[in-house]
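Order as written gives the chain letters A, B, C and D; numbering starts at 1 within each chain.
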Amino acid sequence: MNIGFLGLGTMGAPMARNLLKAGFALRVWNRSRGPVDALTSAGATPGATPAAAARGADILIAMLADDDTSRAVLCEGDDGGALGALPRGAIVVNMATVSLAFAREMVARCESLGLRYLAAPVLGRVTVAEAGKLNILVAGDTSVIDTVQPIFDVLGQRTWRFGDSPERANVVKLAANFMIASAIESMSEAAALAQGHGVAGADFLDMMTTTIFATPVYTGYGAAIAKEVFEPAGFKLALGAKDVRLALLAGEAANVPMPFGTVLRDNHLDSLAHDEGQLDWAALSRVALRRAGLPRTQS
Amino acid sequence: MNIGFLGLGTMGAPMARNLLKAGFALRVWNRSRGPVDALTSAGATPGATPAAAARGADILIAMLADDDTSRAVLCEGDDGGALGALPRGAIVVNMATVSLAFAREMVARCESLGLRYLAAPVLGRVTVAEAGKLNILVAGDTSVIDTVQPIFDVLGQRTWRFGDSPERANVVKLAANFMIASAIESMSEAAALAQGHGVAGADFLDMMTTTIFATPVYTGYGAAIAKEVFEPAGFKLALGAKDVRLALLAGEAANVPMPFGTVLRDNHLDSLAHDEGQLDWAALSRVALRRAGLPRTQS
Amino acid sequence: MNIGFLGLGTMGAPMARNLLKAGFALRVWNRSRGPVDALTSAGATPGATPAAAARGADILIAMLADDDTSRAVLCEGDDGGALGALPRGAIVVNMATVSLAFAREMVARCESLGLRYLAAPVLGRVTVAEAGKLNILVAGDTSVIDTVQPIFDVLGQRTWRFGDSPERANVVKLAANFMIASAIESMSEAAALAQGHGVAGADFLDMMTTTIFATPVYTGYGAAIAKEVFEPAGFKLALGAKDVRLALLAGEAANVPMPFGTVLRDNHLDSLAHDEGQLDWAALSRVALRRAGLPRTQS
Amino acid sequence: MNIGFLGLGTMGAPMARNLLKAGFALRVWNRSRGPVDALTSAGATPGATPAAAARGADILIAMLADDDTSRAVLCEGDDGGALGALPRGAIVVNMATVSLAFAREMVARCESLGLRYLAAPVLGRVTVAEAGKLNILVAGDTSVIDTVQPIFDVLGQRTWRFGDSPERANVVKLAANFMIASAIESMSEAAALAQGHGVAGADFLDMMTTTIFATPVYTGYGAAIAKEVFEPAGFKLALGAKDVRLALLAGEAANVPMPFGTVLRDNHLDSLAHDEGQLDWAALSRVALRRAGLPRTQS
């Protein structure tokens, strides 16, 4: 089974590496050269272009930044993009967080090219990807998923199937990220409330994330908020803003009001307007403090 | 050490029982007679009125429903209420979830009566109270807390101290309940989004609460939302509405905007307007489905 | 017909003056002495205390700042407050903007004293009051309103009756002020949007308030926003914040969600947290600019 | 001067008719045939396709439904769309309400074709268009606007210029429609508040729109809300939803949070989810009533 792998960023690189370790043959491509060389040292075959990495593959895995990058790499380029290089019947597994509209676009394009498309975004950050412990959210044709399952078994601790329509996996991923953003905002407002009454936000968050919210999303972002440490960014606020936007678009498409989502939208815009997009997502907490006229840290 | 204990509701009764088991002498009072009899069988001395239960106590513990009930029981009544029956120097430990304004009112009243006041609201539901595993959020004079600490050690797994000013423990409790309400709303909107795109809300929530949000607040309320089972109510939505209101009032007092809080306010009102106040707090999820025109269950 | 008049602030003073001009006999009281002297020069009789101004009056008009001031002046004080000085059967006309809870409290108190109570808040600012062109929103017993109508005819251009229950006039007034606050916020966000795209907010607002929103609420507040002139305050932002709070409380009492109202609440808190409460209500516009990282003026 | 005119809907038809009356020569096109015939009877020359109507024109006026329709008519079609048929140097005047992204797209396309582009959306509904009393919001090159000014003078009572960049006129139009939507929502919440306390919403709105909000936006939509008459639709709620969406997108592009805008978004989605998109925009008021559990009419 020949696998093409496109996108060796912070998530893609450890995922590809785990596949190599598990004995899969990989042809890899990345926009910048460094990650390609690193994977080549680990046993991968380099591809000079997306199409070169995809040529002849049975399965093409894409882990790219967003809709625009995914479209550019998969469908465009001097040599026609990666999809054009795949043999009929090949499987495209898009593991990136993309919009529902883009998922539909890919389904149509793959169909016209005789390809089979799975959406398979993941839950988990870099360390989880390195450990092969991702949760994989997949949707698409069952038999196609079955074919790819051995790959998912290497990358993740569990695969969650959400039906035949690929975009459903994308909506699940967007809903999940919406919940993470909500957890951050919730901690931010609560900590500002505490701080406004003289309780150090850090003391409050330490208690909450040690007791009834002792789960990584809360402990991780909570600690960053408590310490006001937003660099280096584990996940950039600007990317969170993008995911909130995609969740709202998905809500619009199904007439689902999302009042928490719209608060998140406005607060992310507030952050971006204050040049905080490059900071970690936890920096969203600054909005609540700023609006309340509270200082950033209090001990 | 003589202890008076007022309020033997779903939380108060197991707490009082644990104190008896630990060997403390308790004189108890409750508005309805049944819980008093039950505790008396377990070794407590019954008090016919709040004042009777408080008379001569070194420490008076109150676990009452809200501001109004607390005020009525502690300060009013034919025989002057419980506070008037306490000897000078006695300690009042208010473990209920009350407003900051009420905390300040109690501080002033206790001071004028020569009493010492602690605010000590708790995190944890009935089963946690039964197990003596509550998290106790306390604020007040350090030496007074030290005196009460053996009692807290029986009731809870850990005592969190938030400084000298009793109301700070109340703001922490309100901020905590705000975070719980936010978690419920966040799941509700996310599940509606999923359902609007054909993914069963239950499937979505099962995945989320098994993976990155595997903590009791999410698993408990998430399961209730997924199954649409809101009776019997573990914690009534109407009480949640009250706590959200108190959190917003606390925000107002310190000029802290809380946009998630205000969304929660509106959605709780929507629930109350649809006669859902007696259901479990998880029934807040119906608002998101109703607004999106989605059916209540989908499998 | 003897009239007592309590509260000679920016609104009360011109109202009392108009009544004097129309030939009514007035005994007046105000917390500070200056306005009393001015009205005395115009023919009023000074009252040393609220009770002194009320003693023997057929009709007592109150135009005081808020709930607390109204309660203090009407019901408290060494000589028992104004209500205690009125003869049985006298009419109390409360023209201030107060909460529904306070209206109910007054109704009960007046009933117990054998007095008759009308709520009659007004629409219109100082210049409108001076011109006797207020719109008077009244509720209470019809025959009582009929009795007071000649007074209303002097103070206002039109009296609007909203039924027997006094608090209904108060809810109408709060709903009206909510609409004014909404107009200000709407202009603020729209102007920020325009400015964010290079159109001067002033140019945008000039166009809007000259064309489809050419009505005093928009032209007045719009000009203040456009010019960034918020002093002297025609109506202080802090008072607007209070009225928004009362409107939300009224909504809570009837389970009416008010999402615009809650946005207004948060934005007023943002203003108060930035020490803008003493500025004109139009200064609410600074919140939108601040959050968008836009400069205050752009020409 | 030869004028091509595309789009003879409820707004376009009276505008074209006014131009004919003023003596301008018009070649017209519309998707459906009826309006073309009517205008032809009034002196216009029919065009079989957009390109046929545009061929040889000095000025091409487009008054089409939205981005997609505008793009299809102006740029696509068997004969290349309208723009391809224009001679170099011709002026394209787009009077529709479109997105900023579409405005930028048109600017680029026109530049590449040697055409000159103005954005000139209008304020005013059908009766205003018939009377030639529109307010025209224009942006683009000054000399080009000067050339078109005689046409604007026929169509409108006043032309408002917002600078060189065409998209600025579009952002002004979107901000204006956002303010109209805000006025509707503000009335809706206020009327629900009144009604929740026993005051008929109609009585409240009658008073408000007769006094401090006596301007057509309020009186028109207010009367529809008061009477619960939403058909026939003067302006469909679904179109309002689209404009709110475009305003929010414009806000996103400039990092301008718009909390009223996001409330509007959610409430429009609520309306659409309840099949109210074909009703008049004033039907947005049903959301407030529905959420508060209030009946639709009360007298």
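Keep this in mind: a residue touches a chain if its C-beta (ideal position, glycine included) is under 8 Å from a C-beta of that chain, and two chains touch if they have at least 3 such contacts.
Note that the coordinates shown come from a computational prediction; the quantities given were computed from them, not determined experimentally.
Just one of C-D, B-D or A-D has an interface built like that of B-C, with over half of its contact pairs in common by residue number: A-D.
If you compare A-C with A-D, the chain pair joined by more contacting C-beta pairs is A-D. Mean C-alpha positions place subunit A and subunit B at a centre distance of 38 Å. Here the CA centre of subunit A is 52 Å from the CA centre of subunit C. Subunit A and subunit D have Cα centroids lying 38 Å from one another.
In subunit D, the residues that reach two or more other chains under the touch definition are 251, 255-259, 263, 266-267, 269-270, 273, 291-294.
Residues 259, 266, 269-270, 273-275, 291-294 of subunit A are the ones that touch subunit C when the two sit in their complex.
Listing the residues of subunit C that touch subunit D in their complex gives 100, 123-124, 135, 137, 158, 160, 162-163, 165, 167-168, 171-172, 174-176, 178-180, 182-183, 185-187, 189-194, 196-199, 203-204, 207-208, 211-218, 247, 250-251, 253-261, 263, 266-267, 288, 291-294. Those residues of subunit D that touch subunit A in the shared complex are 245, 248, 251-252, 255-259, 262-263, 265-267, 269-270, 272-273.
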